[in-house]
């Protein structure tokens, strides 16, 4: 039972508000003797940090991480790793005008009703700023998995649909993803997306996105039946990301439209290797990894903070309207790519350790 | 950390294999002094049990539940409630011919690789027979919630898409759902679905489905930010159901295609009541219930056990093919309706109790 | 968070009341491919079962265990193991006269105040009958540990003090323990204890006891610092046994009276072996096993159900007195020996698996 | 499952090493709208901090706590509270000479064997410096309980035995405790203890202690049967404190020597009040609080770091000896008083919230 902790054996607990002095996390259950440098974590944080292109929030944050515990002479010791990121560019004044209004699509209303108090500055704990902490935790999980499984292990994500424009997933190319500000895996779509997103922003609106995360080199046997299914924990991980409203494993929602013979992936043996002819299962059968690529996609709803005026209510019960001016991403989905990667790394490491525990391999 | 337990405070642990002597579950954390009869549980089990129409498995199971503990003079005592359902019609001979082959789309391969041993009879623990246990647990959760919140509280599910044919969700009518063998909420589609499913079955194939579950009368404030989000736990719950590959909350995957102003639900005050103009959020903002209807949908992949021949491999590494003859549902999605309802009842009760704990209401 | 579950990875959940139809437990997280027979469990249950000598309760229970799931062809499959024991000799009439009175030293008052309802028949869930379930779970843990570590692994317990008469712990002899009805490890005390306990029973009173459990062959490195310390989980395990009021690890409470040089166990190397000169630590330093014998002792208070009349109050708030006639053990501590052994086996297996998870060995 | 987290609903996770840059903790599950100031936490930390008398370590630490998250306008918001304490006086050079030797009575050997790596500086994570974090968490728990239950609620601890000299517990006086450097509740013993401890220190040795913690004003009904017993969680909490080897609830180990009629606390009704005639149960029956004073005591072994030379082994397997010079407490038990108080506050709040969850009161 944990409100702010994720994981079973490899666990991280995040803390911090958008406009508090700092945010951070404590990573527990990390195996010992793994080489980790602040720089390994910083690389992942840099993928997520704001202000990197005109398509993301202009909030200026270095997102400079410090390791406060759990390492000795550059290696993990098996004790908790505490990470801290100081908030630099928290302009609380930006939020003064909206402190009494419930922003539609945000959790202002639900937080206030639940707790009877809310830190309205930048959304407080609701803010996606929290996700920097998980990206940091994910960077540690990645290092452990690479150390245990080897370099064939790789988690990589991309935006496969930006608002109404999907790219061609069959043309997915890892190399392309980091070369454009959209994490688009198919370079032929970059120009179109650019144009589209500029027009969205110009109109004072925002758009949603679909993100796909793939994991390669995952051993057979991770996951567990029934209530620790690998797909269950992945769905849970992705749904914990701000603004995510849907999660698919493999064929996902589309599998409803398939027939039995279209959907179930046939198998054949080629020498010593067992091969699946397709991957509708997304690399998971009965909650356990098959050794195929794990494929998960999720939808991020459009940014709720938009310039366009929206009807709402204030905390005194009066009808009003709101137009949110802050420094918001026109599509929050873009920055969800490294977050999704981080979460998948964490889930996979957790199940890697659980499998060691119960099955000894 | 629990392989076979679901929940945080209201927790149930299921056990049992398809062709073992019995299945069952232990429900822990149930509030005391709630009136519960075996019949309350039986009613829910009867919705799920096989052999009720020609569109579901012909396995004959009464699914007769017995309460072994946790009640005194008809009331819960706060101690664990143990429920048992004996297996009656387990024809193990049906599976002899396939005990060495990996059925495509099933977990035969992953179980064997993970554990080095598998109970192949009827799929053993992989079998959807396990879901009877959760329907039983869900029946208890439902009784508790009705007792705490009152009769305005209601969870109801339906099939909204059968294979390639979606019904009109706007015509959802609770009364229709139980009047047809498909849990179809829009009676104008029943005939078409019947014809469609008969043709699917005749061809030796199967089809998928989309199920939608709605919860009404849910108080504002259930759920918690970050890693106990209500939508996260719901996604997790639904993904734990056999054959589920995708989960949506509210607009779900489609929210990616909306603009900010289309997606965020406007709010206005009418007298003492705060009203949302739409429900793209599916009743959850920032992981916390808004008081609106909670709307969750999920896709169930087509039954993997089909008559049509499929290429596969046996456990000795030889290429072979398989045609599964047992007594299988042409669309397992149909019987997922009461399972989804049960899981939603359990998640809601769990968060109801958690909210009492932290926020005292 | 679990009211009725014990353990982290190797977990068991117990259920059942003294006078309900049955009691039982579900064991989850058990490694696969371990040979287990009902007889392996029965042997342990037989050590605990009542009516074996005139020094324990005359309730007649076979305590015949049935395995309902989790095994296939005699081996564990990694899925939950459900165990059931039917209650045979539940004479509910015995308790009619006391259903409204709070028995001093029992949980009648606290259960009723907490839950607003209580199953007074034989103490309901309070009854030590629940401990049969844990003995069964412990039998499984023992089999797994023997299979993983080998026959050098052994957990054995004894009564080292019966009421006011302690035996000589230095004369502990494993062989003696099962040869007398008191689990006394030093045969020279058996006669004296017999005489003492008969006089206690004759006087309508009861006495307490101290039980010591030892584990040999435990690998170095089980346990974890801070909040999963091995000694913490052992203390927790022992304190969960009915009527236990104190727990010691190694020198325990007496360590307060030692000086630093008396207490800290010196170390020396003999060839390839590191040896401790003493074992005040009870085999645990910093929460982690040292490889020495693990030594834990705990006190069981005297049976509260006695013939002698005691002042009390009934549930209507009236002063009254009570003399409990049922079939009670004059010293419940005796039957706590196999329970303590079972709990220690469970804790050790749990930490064995956790160590595999984090440290891979 | 959590190596470095304590609690079920009110949970805290600690991190940090003795000679790292800082230590701290994250408190999760705290109810909202509770007034908390850094000063409230500082007061508790000041009771524990070193260098306050010549009877404790001369390490100079302000133990100045900073709150990094979870509060807004002086009140808790229901989100995680992150606390940090920077290490000031970490003289790593003190430990250079002993980095390769296993100090007897310390966890040097077990940490190295378990993890294959250890931060030897000041004991790293083994150091009792970690306990500052829990004292901080306990200060929050205390504020919440005072706010919920009122000022009649009070947790207070004392040293009742210093080495071989016990004080008279019947002369316990709250006022005396803070007036002497030993937390001695009976002022007539202060001089004697002073003389005794000076002689112990002078001889280059150390001594153990017994600490007793009492909680008053605890409502009836906290705790839960079987595996969340209040006494079980208290035993677990106390045993998690460094150097604790034994825990008693009420009469504890001595209850073994009592007869049934001596031990079970008689009850009578006086007007509207139910009264117990004695408190051998230590305020807990069947794992649930009775409303009486909760009384727990525990033994702290003598400081293992002593001047006297002790035989040991180095990490290369060579026999050697060690004499530990650092700045060590001659009796670590003294500073365990505020730690035990903190842990009891945390356990009680946790069960207070759990009771709200399941029983609604």
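In order of appearance the chains are A, B, C and D, and numbering begins at 1 in each one.
Criterion: a residue touches a chain if its C-beta (ideal position, glycine included) is under 8 Å from a C-beta of that chain, and two chains touch if they have at least 3 such contacts.
Values in this document were obtained by computation on a predicted structure and should not be read as measured data.
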Quick check: more C-beta contact pairs in B-C or C-D? C-D
Farthest from chain A by Cα centre, which chain is it? Let me know. C
Chain C-chain D separation of Cα centroids, rounded to whole Å: 26
Roughly how many whole angstrom separate the Cα centroids of chain B and chain C? 39
So chain B residues touching two or more other chains come to 1-5, 8-9, 14, 29, 32, 78-79, 114-116, 125, 225, 354, 358-359
Per the touch rule above, chain B residues touching chain C in the complex are 1-5, 8-9, 11, 13-17, 20-24, 26, 28-29, 32-33, 68-70, 72, 75-82, 84, 114-119, 124-125
Using the touch definition from the top, list the residues of chain D that touch chain C in their complex. 1-6, 8-9, 14, 102-107, 109-111, 113-116, 125-126, 130, 161, 163-164, 200, 205-210, 220-221, 223-229, 231-236, 238-240, 242, 245-269, 272, 274, 277, 280-282, 284-291, 299-306, 308, 310-313, 317-319, 333, 354-355, 358-359
Touching residues (chain side chain C, partner chain A) in the complex: 1, 9, 29-32, 78-79, 225, 353-354, 356-360
